[in-house]
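So, here's a batch of structures to check.
Two complexes follow with chain A in common, the first pairing it with chain B and the second with chain C.
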Partner chain A sequence: MRLLSMLLLGVAVVLSGCASKVDYGDAQARETVTTDFGSTDLQMIAAKMVDDMLVFPPIVQMTQNRRPVLFVDRIKNKTTEHIDTESITDTIQSKLINSGKFRFVDMTVVDRVREQLDYQSESGLVDPSTAAQMGRQIGAEFMMYGNLSSIVKRDDSTKDVYYKFTLKLLNIQTGIIEWTNEKEIRKTRSKSLFGL
Partner chain B sequence: MTIYRPLMALLVALLLAACSASNKAQIEVDEDGQPVTDVYSNNSLLGSRISIPDLKQKRVGDLLYVQATLENDWKFELDFQYKFKWFDADGFELAPESQPWQQVVMAGRSQNNVKGIAPNPSAVRFEIWVRE
Partner chain C sequence: MALLGGCATNSLFVDYPSQARQWKSSLASEATNPAVDQNLKKAASGGDGVLYLQELGRVSQLNGEFAQSREAFASAINHYDETDAGARIQASSLAASGASLITNDNARPYVAPDYERIFTHAYQALNYWADNDVTGTAVELRGAALEQQVAANKREKEIAKAEDDAEENKIDLNQYEGYFQGLDAVAGQVKASFQNAWTFYLSALFWEAHGEYNDALVDYKKALEINPSANMIKEDVQRVSNALKGRKPEDGMVAVLYEQGFVQPREEFNLPIPTVHGVFSVAFPTYSIGNKPRPNALRVLDSASQPLGETVVLADVGALAAKDLKERLPGMLVRQTLRATAKYNAQKKANDDFGSLGALLTQVYNLVSEQADRRSWLSLPAYAQATRFSLPQGQHTLVLSTPGGNATLTVPVVDRGLTVIHAVAVPGRLITRVLPVQEGPL
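Up next is the complex of A and B:
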């Protein structure tokens, strides 16, 4: 009888261990599941870049009375991981637009915008007085681009990952880099004897 | 005030229950543009170990730029997170989801300056929250 109750208890413990649960968490919470590039890294990079850019004196001066137009080129992913670098630049772009200091043109939708313009001007279906005019778009003054690189080192018990994100703002007309900054991130994973 | 007191007590209780100690500092600008500084902390363990001896602010262009000096009053290393919350003149929080928790590791009995820039020009007040 005692053996049976122990057995039942054991089964109950095993079954409860198999129960899965879905829950919502804080999207801003620190994520340290693995040393791979994660949401916390993305948020830290975007926050650092935007904060630094908005307080850089020549940028402050430049945005005092006007909102310069930028376009995002791309962030070269030089790490060995697959990282959606567009997601990083999207966050940076959102923060910069919401600061009220910059405006952006989006080069990823040029073809679709052209299609729409052609439709408005050539299809004959759109009232010409409301149709968007060709040749009225604003040219970008600055290009935003950068790199994401990593150095990974490991031995039997430790894995160390170092990320470096570099962002640059280049004046398209003069070729001058008006602003640049880096964010370094170090993540270490060490195995302990008892998995603690 | 009588309404706020139980609310604050509830907030403190919730924070303690969630084991995420919080410490809050805020700075306000009065009608003459002079900063009015208040530092609040609850009784939690982390709150008792961190103090904010200095708060500085200036306008960069028209954005509020803040530097807070955090002090670890404990003799051991503290590993915690902080975030800025920004509010407009009417008390509405600005871009609440775009302010990430930032990690900071402070050696025992050391000071560290953390900086924050308002997400847009309408920010006039901020709070710093910390948690483990």
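Up next is the complex of A and C:
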């Protein structure tokens, strides 16, 4: 009997040891699983860029009485990792829109918008008084674009990754870069001596 | 034995080259063999997973299954990252090392050598390229360059460490020197196991097509440094230098990446050590020059049979593999010597405890279990070659001529663009693929 209970206990320990657990975590928590580009990097970059842009004196002045229209070009990925740079610009865009100081046009959906406009004006199914009219969209005044580059150094025991994110705001009419900033991130991994 | 070979997911008792024969021969026919993919996928979850993932990635790529190939290579690259990030002393690898002491080196989890990692990144770049994902291609090409750089930095340290280990265990490495002359012959002129001019050439072509002349110049120069006698690369360096000064070439460029045959597998040779209790066979892997394929060029002709170019060897993969094995030898010799001692002790104990029958059984076990570590990525080509020439804009019909067969292709050429033809000659078949034209800024 005692043997059996010991056995059962053993089985229980082994089973619980193998069972995986799912839990919710804090989306803003510092994530340092690997040196790869991760959520904390994305959040740090977006926060820094938006904070900096919103307090830059010429931008404060420009957005005092109007909400300029921007469009996001793209962030060039010049690193050695496959990074979804669109997700960085999406976060920056959301924060800027929510600040109430900027408006955006989205170049990634132009084709689908055109399809919808064609449907409204040409299909004959839509009441012309409510149909959106062609040629009434607002042109963007500024273009937002940038770069994400990295330098990786690695040896047997450490890996050091340096990321540099550069964001620029260009006045499309004048060609002047109205604002630019960069965010540097350095991540270092040192190997532990012992492990499983 | 055949049964074991069919479903073996490690190389403990079935040597790796005979497992690899299955997927290598499946490439001879155009039809894909689902059983081969299944076996590779199954083996990919084992201790040598990374090796089978590499094979799966390569085999899928050659069969045109780019999504599967991309997935396999991505998993292999994850493996590399995990290996790099792992603790320096791991309980699991200690256990495997312990197991390898009573069986053989094949019990140790496979660690991909640098030259294989570099090929993985280059092939993954070709997968993204075939998908016309320019950013993805660029990322992988940078990854290949990074691997070469890291390999160069760590190489010297590693060799020094292995020699220290040998000294600690009082093993005279020089006594084995004579047995490995074949390795030196196969390694030939190769200076280091990781230097791969072919992947540098591939990335240089890509950067040049996208107007990144600075990056292109650096990579052409690195390729030239590895192959100092290649006149083709000297011209490339000149052309890109001129482009940096503003004199850009007008015509379109066509490049042929030619991969010839399969890299030769490792061979096993036995070093019998007689003792009073019986003969110990100590198995070592090696390469022999007699089995090394000879390079042959791919010639490109236009539709009027006028020659346009002929490929030159940029990476002698067999030599890289041999050089890699030679670099690993000090560590292997230390382990083999320890293993011979462990097995000798087991046999001696059997003899003392169970008499001659016990001794015979352990001796049989020792002979069977003693297998050299013959694992290496075997669907790699024997030689990676390339050539390039310029043509005016338009559609062009080209004839690729190799000793193993010809192919006629119609390729698009765009001014200041790059058209790449990827040609792979496997026994019985010439696989050709035209990759999407690269042009304009990145």
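To be clear about the criterion, the second predicted complex is superposed on the first by the 179 of 196 C-alpha atoms of A that agree within 3 Å, B and C clash if a C-alpha of one lies under 4 Å from a C-alpha of the other, contacts with A are read in each partner's own complex, and residues count from 1 in each chain.
By definition in this document, a contact is a pair of C-beta atoms (placed from the backbone, for glycine too) under 8 Å apart; a residue touches a chain by one contact, two chains touch by 3 or more.
Just so you know, these numbers come straight off a predicted model, no measurement behind them.
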item	value
Clash or fit, chain B versus chain C on superposed chain A	fit
Partner chain in contact with A:Asn98 - chain B first, chain C second, else both or neither	first
Touching partner for A:Asp51 - first (chain B), second (chain C), both, neither	first
Arrangement angle, chain B at one end, chain C at the other, chain A at the vertex (C-alpha, nearest 10°)	130
Touched partner set for A:Ala27, first chain B, second chain C, both or neither	first
First, second, both or neither for A:Lys168, with chain B first and chain C second	neither
First (chain B), second (chain C), both or neither touched by A:Arg154	second
Chain B versus chain C as contact partner of A:Arg67, first or second or both or neither	neither
Lowest inter-chain C-alpha distance for chain C and chain B in the superposed arrangement, angstrom	23
Residues on chain A engaged by chain C in the complex (per definition of touch)	34, 36, 76-82, 152, 154-157, 159, 189, 191-196
Chain A residues within the chain B interface of the complex	27-30, 40, 43-44, 46-47, 50-51, 54-55, 60, 63-64, 94-95, 98-101
Chain B - residues contacting chain A, complex	60-61, 63, 65, 81, 83, 95, 97-103, 115-117, 119-121
For the chain C and chain A complex, residues of the former touching the latter	81, 84-92, 135-136, 138-139, 142-143, 146, 150, 153-154, 157, 442
